[in-house]
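Pasting the structures here.
Two complexes are shown next, each including chain A; its partner changes from chain B in the first to chain C in the second.
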Partner chain A sequence: MIIDENDPRRSEASTDGAPGSVERIPLCGDRVLELAMLPLSAADQADTGAVGGGSLSSRAERWIAEGAVDRTHTLVLPLFGTLTVWSPTRAFVAGPDERLEQLRASVVEFTSLFAELDDIERRLAAALPHVDDDAALAADFTTAALSRRGELSARFREAVSLRRRLALLTPPLHVPAPQPPTLAGQLGERLRERTRIVERAGFAVEQAELLERVYAVCADRTSEHAIARRQAALEWTIIVLLAAEVVLLVVDALANRTT
Partner chain B sequence: MRLPSIDILRALAIVLMIVVHFVENLSGSYGSDGGPFLGAARYGWLPTGFAAPLFTFLSGVSYRLWLDAQTRRGRDDVTISKATVRRGLLLMLLGFAFNVVVWTPEDVFNWDVLTFIGTAILALDVVRRMPPWPTALTACLVVAVSPALRSLADYPAAWTDGSFDYDFTLHDVALGFLVTGYFPVFPWIAFPIAGFLAAPAILGPAAGGEDRGPLRPLAGGGLLVAASAVAIALRPVLPSTLTSSTAAWTMFPATTAYVLGTLGATVIALTLLHRRLDGGDGRAAVATPWASALSRHALTIYLLHHVVHVWPLWAWGYASTGEMTSLWQVAMPAWIAVVCGLVCVVAMAVVARWMDQTRAPSAESLLRWLSDP
Partner chain C sequence: MISLSDQAPRSLDSIAVVGGGPGGLLTAFLLQRQARRPLRITIFEAGCRLGGKILTPSFAAAPVRYEAGAAEFYDYTPVGVDPLRELVEDLGLPIVPLHGASVVVGPHTLSNIDDIDARLGPAARRDLEAFHRDARLLMNPREFYVSDEPGTAPGDGFNVLLDRLSTPSVRRYVETLVHSDLATEPERTSVSYGLQNYLMNDPAYLRLYAIAGGNEQLVTALVARLDVEVLRSRPVRQVRGLPDGRFRLTSGSSADRRDDDFDAVVLALPLAHLSNVGFSPGRLAGAMREHVRQHDHPAHYLRVTALFDRPFWRDRLEGSFAMLDAFEGCCLYDESSRDPAARHGVLGWLLAGAAAERLADLDDDALAATVLGSLPRSLEPGTAKLLETRVHRWVGAVNALPGGWRPHTLDRRHQPEPIEHPNLFVVGDYLFDSTLNGVLDSAAHVADWLAMLTA
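What follows is the complex of A and B.
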């Protein structure tokens, strides 16, 4: 959906320290997911037993920690003889060769949704601190605030853009898991649950709605103020012309009185 | 916030004002043609007619700076209006008192510069509510209709021997205020309005505007000077009803060429000084303390310099002939008056610095105490 399989930025990455072959997958903006995949034979699975607790998991976590921006996001998900270690920037999947592609697709789809939401959240976090100051202009727009018209307009466009992105993002987050259950479907479900991505998207929608409401009113006030100024200029022009006429009449009358 | 450019320009206006007033009041009839000291008969070397445009234009600029400061401090509109009206009325009152005490009681309604600046401050309280374009239109209309108003009011009839000579009648007093006095509303109100309007463009962020460079105000000033030249060139072809002055460039009456020329020169001077001196890098360090002292006490100096040369003139005239005004304009040759004026400038600068350093009471502190919120 969000991932373009033909994106020219897609490439094979260096495998230094990685527990398997690494692929670089572009996400939204300039974000990239480095995905390491390791096919496991039946013997490997038997050797490692519960793969999540073995040295493979430790190696994967170390590799992910090296490239992770935020270590709190690292999730380890052993699932039916497969191992997935995930973070927003690096992920590792290991499993039987025939299931790797399903795991890959599931991880890539989830990461792309997560990256989109993460970017939206960052933008919301940057925009929200301005709301208190700007809300005052929604109630009372003054001439002194005219110089901020461009700034307010940019914030309104940003709010609308965030709402649009959230509107596109939310439906895929609520898509039910396939029935009968598949490995990829269950991996996706678990990633969503562990990251609370659905709840976070809900909060983001509320925040974006708040921004949109405030800046929509600001946009209305700005526009009304601009129209009112134009009308006031016209009214003042008429007043000034009438005043000039009155002055001419008064001076003429006074001068005639003098003579 | 004090801007060295404004202080220096206002200090220059004070110096010009003192020298010109000394020469005019003590030596006026020593004019170039030996007659009354008016119009073309003025000394060519005397910088007459430049101080008042500077003062009145800067009153508009200063009002804009004051208004911005009040807004930044969170003062509401009503408080600002009250302070403005109080200041305007007090200046008018002071102007009337000055006319009676320094000149003579019959000069009470001669509409000198203090009463004009008081009126201008009252007008600026209206102007500040107006959008920029109607304000600019007002200034243009004032300049444009003034010759017609002078013609309607028969300006020359209100002046005798270079002085405004009115009867104590409502129409003479009202016409003096509007058109025929020393500083009538038409066209002098154009200066403070222009100052108020141009301050953001000239001073940029210092006056609540944006810094768009000096090109626009310089071009505006240049256009005004060019328009002044055009007005001078067109004078021979204008109908005689619109040319109530003795020459194209006179201060009394303030001809269109004079208003446009001095306005343009003031805009250019303030723009250049602002760009040169207001950077805060100490380029004006030597001149600023003295200029600032003179500028800060401009009102006190205005009152004081009249007292120190007009009152002795009255006393000397009364002592020598029994007629108080007998020595007016004939007391001494012009060069002695210039020397006296320059001595007065130095004395006023010292007094102003002393008032600054000792925080001595002054006309300005009294005005602030009475009018500021």
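What follows is the complex of A and C.
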């Protein structure tokens, strides 16, 4: 989640069609945010109406649509004389020169949180379909399922990993914006509200909890089954040894009787 | 809650609730819900509509709603349990969060600390940050949560705290920010109440919301769940305590005056209206006079709402509301922001305090012209598409909490004469902090009390 300013993947991107200078910012995994920024002139600042409703917004939306993976996420946020057009992979920020760096930080921080949650949600979506089948093993683990021990163990580790990532993700989502409000804080709040990221994180936590509960029980059942199998083997070993001892005693007794 | 009356306790079966505003409706609703046996509850309403200060009418020029009374609800969930929010959820009413950050001071629109730095200078920024830090130290979220229960206020007014601001423009900013919530002037407000109204702009302390479809949905939902007798257009003229501990209420106009006897009475009237009711015998009349005198710190609102063909301000004013420094500080609501499907634009000015009292004497047209003139110059061209204006006067409708005012205990506030008339109660927002949350607290206190007495 933490953006590494020295990441070698960080670079200036091609500005073809972009409404401003473009920077490529690495996010979690192999995800990258292309962020275009445009300083606004004093005239633009005085006439904020041109920022929200004019051609700048249309240009930014076009550029984002060209590179966006999922267009349904594109948000247009005119805010107190600034304009932010945001999607998970491309974003555009226009504002007074002296505030651009704050706005950039706010967009990058939010996008990194969003990317992290998005990745978690995809992993949860991949894991959840197995739960119904695997939950049966949580109730009744059979010898036939022993071959799936590795698979269940991997799913348990995945569930714990997702819970860990969510535990790291949710505190920054709930940190209140600074007061008195800053422009960057207000932009961050708007992005959080419009994407409903806090609610989405809540649902993800519930899903990860379900996974963790099911696979924790599966892990218990697997190890209990393994222990029970070892105990059974041990018992049979003892029985065989005792039987051998009895046989030897009988043979010994018969031998003594003959002599 | 101990009755000092020497009369034998009698069963309470019939209860009169005088006033069909939020206090009366909430008391009847909570009492009906909490009583362990059916009670005969009668609501007397002087007018023809229920709901009092919760009023969501529509314009004549277009079927567009607006809030003419209580504009918003306070959401205390960031700091604790919020009974009003829970009630709204229990009633199944969807809500709309409200946001507003802009304060227009002179030629500047200040929406955040960066604006203050850029427009008023770094010294102003430091001044406001220090004031905010001090405010948070003086009242933490927990103290804020219980601050609707007025304690013994020190003698200073809120203006003494404002004196800490050395930058005049920042002082103007803070005064503008809080004035429409105070509904009076800083010097007529206690430090605690002033802080409460300043810190409510911090989302860590409070959030604001409205009910989707209009705040009057709350009234409709309450009335739909009431199984009580509602007598509309029946103002109560006289409340007489009878020797057996009951009360005789005289109601109606001179043509259709009638008397009804009740075991208990709840007066859920605005403070100013209590003076219109006669009380007897003398002991009760004296107690009611003292009750009115104790709480008589009138504060004022004036609402002017304008319908336009479109929301022409959206590119320049963000959020559900903004504060203007006109009229010593007024709140400008973008009423149409509450309805995503709205095509028309509705702006609502909430004037408060001395300005509201002063301007209330103007006729509606003059008032409309006055408030339209208060818009920032950049918005003036849009006002040409004005379709209709409405004015609602709420002079003396709420109460101030001045510094040095010492409220009675909670029980004493709700039971003006506990010796010989222990079954006469009062309910009102003025007994707390003149908010809907306060009136619910008041109604819940009396409903609990009555439910216990009727058990």
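We adopt the following convention: the second predicted complex is superposed on the first by the 230 of 259 C-alpha atoms of A that agree within 3 Å, B and C clash if a C-alpha of one lies under 4 Å from a C-alpha of the other, contacts with A are read in each partner's own complex, and residues count from 1 in each chain.
One rule holds in what follows: contacts are C-beta pairs under 8 Å (C-beta built on N, C-alpha and C of every residue); 3 or more make two chains touch, one makes a residue touch a chain.
Just so it is clear, the structure is predicted and the values come from calculations on it, not from any experiment.
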{"item": "Which superposed partner A:Val247 touches (first chain B, second chain C, both, neither)", "value": "first"}
{"item": "Touched partner set for A:Ala255, first chain B, second chain C, both or neither", "value": "first"}
{"item": "Touching partner for A:Glu101 - first (chain B), second (chain C), both, neither", "value": "neither"}
{"item": "Chain B versus chain C as contact partner of A:Ala232, first or second or both or neither", "value": "first"}
{"item": "Touched partner set for A:Ser147, first chain B, second chain C, both or neither", "value": "first"}
{"item": "Chain B residues within the chain A interface of the complex", "value": "71, 130-131, 133-135, 137-138, 141, 145, 148-149, 152-154, 169, 171-172, 174-175, 178-179, 186, 210"}
{"item": "Chain C contact footprint on chain A (complex, rising order)", "value": "48-49, 51-53, 78-80, 96, 98-99, 102, 176-177, 179-183, 185-186"}
{"item": "Residue ranges of chain C touching chain A (in the complex, touch as defined)", "value": "101-102, 109, 111-116, 118, 128-129, 132, 202-204, 314-316, 318"}
{"item": "Contacting residues of chain A [partner chain B, same complex]", "value": "144, 147, 229, 232-233, 236-237, 239-241, 244, 247-248, 250-252, 254-255, 257-259"}
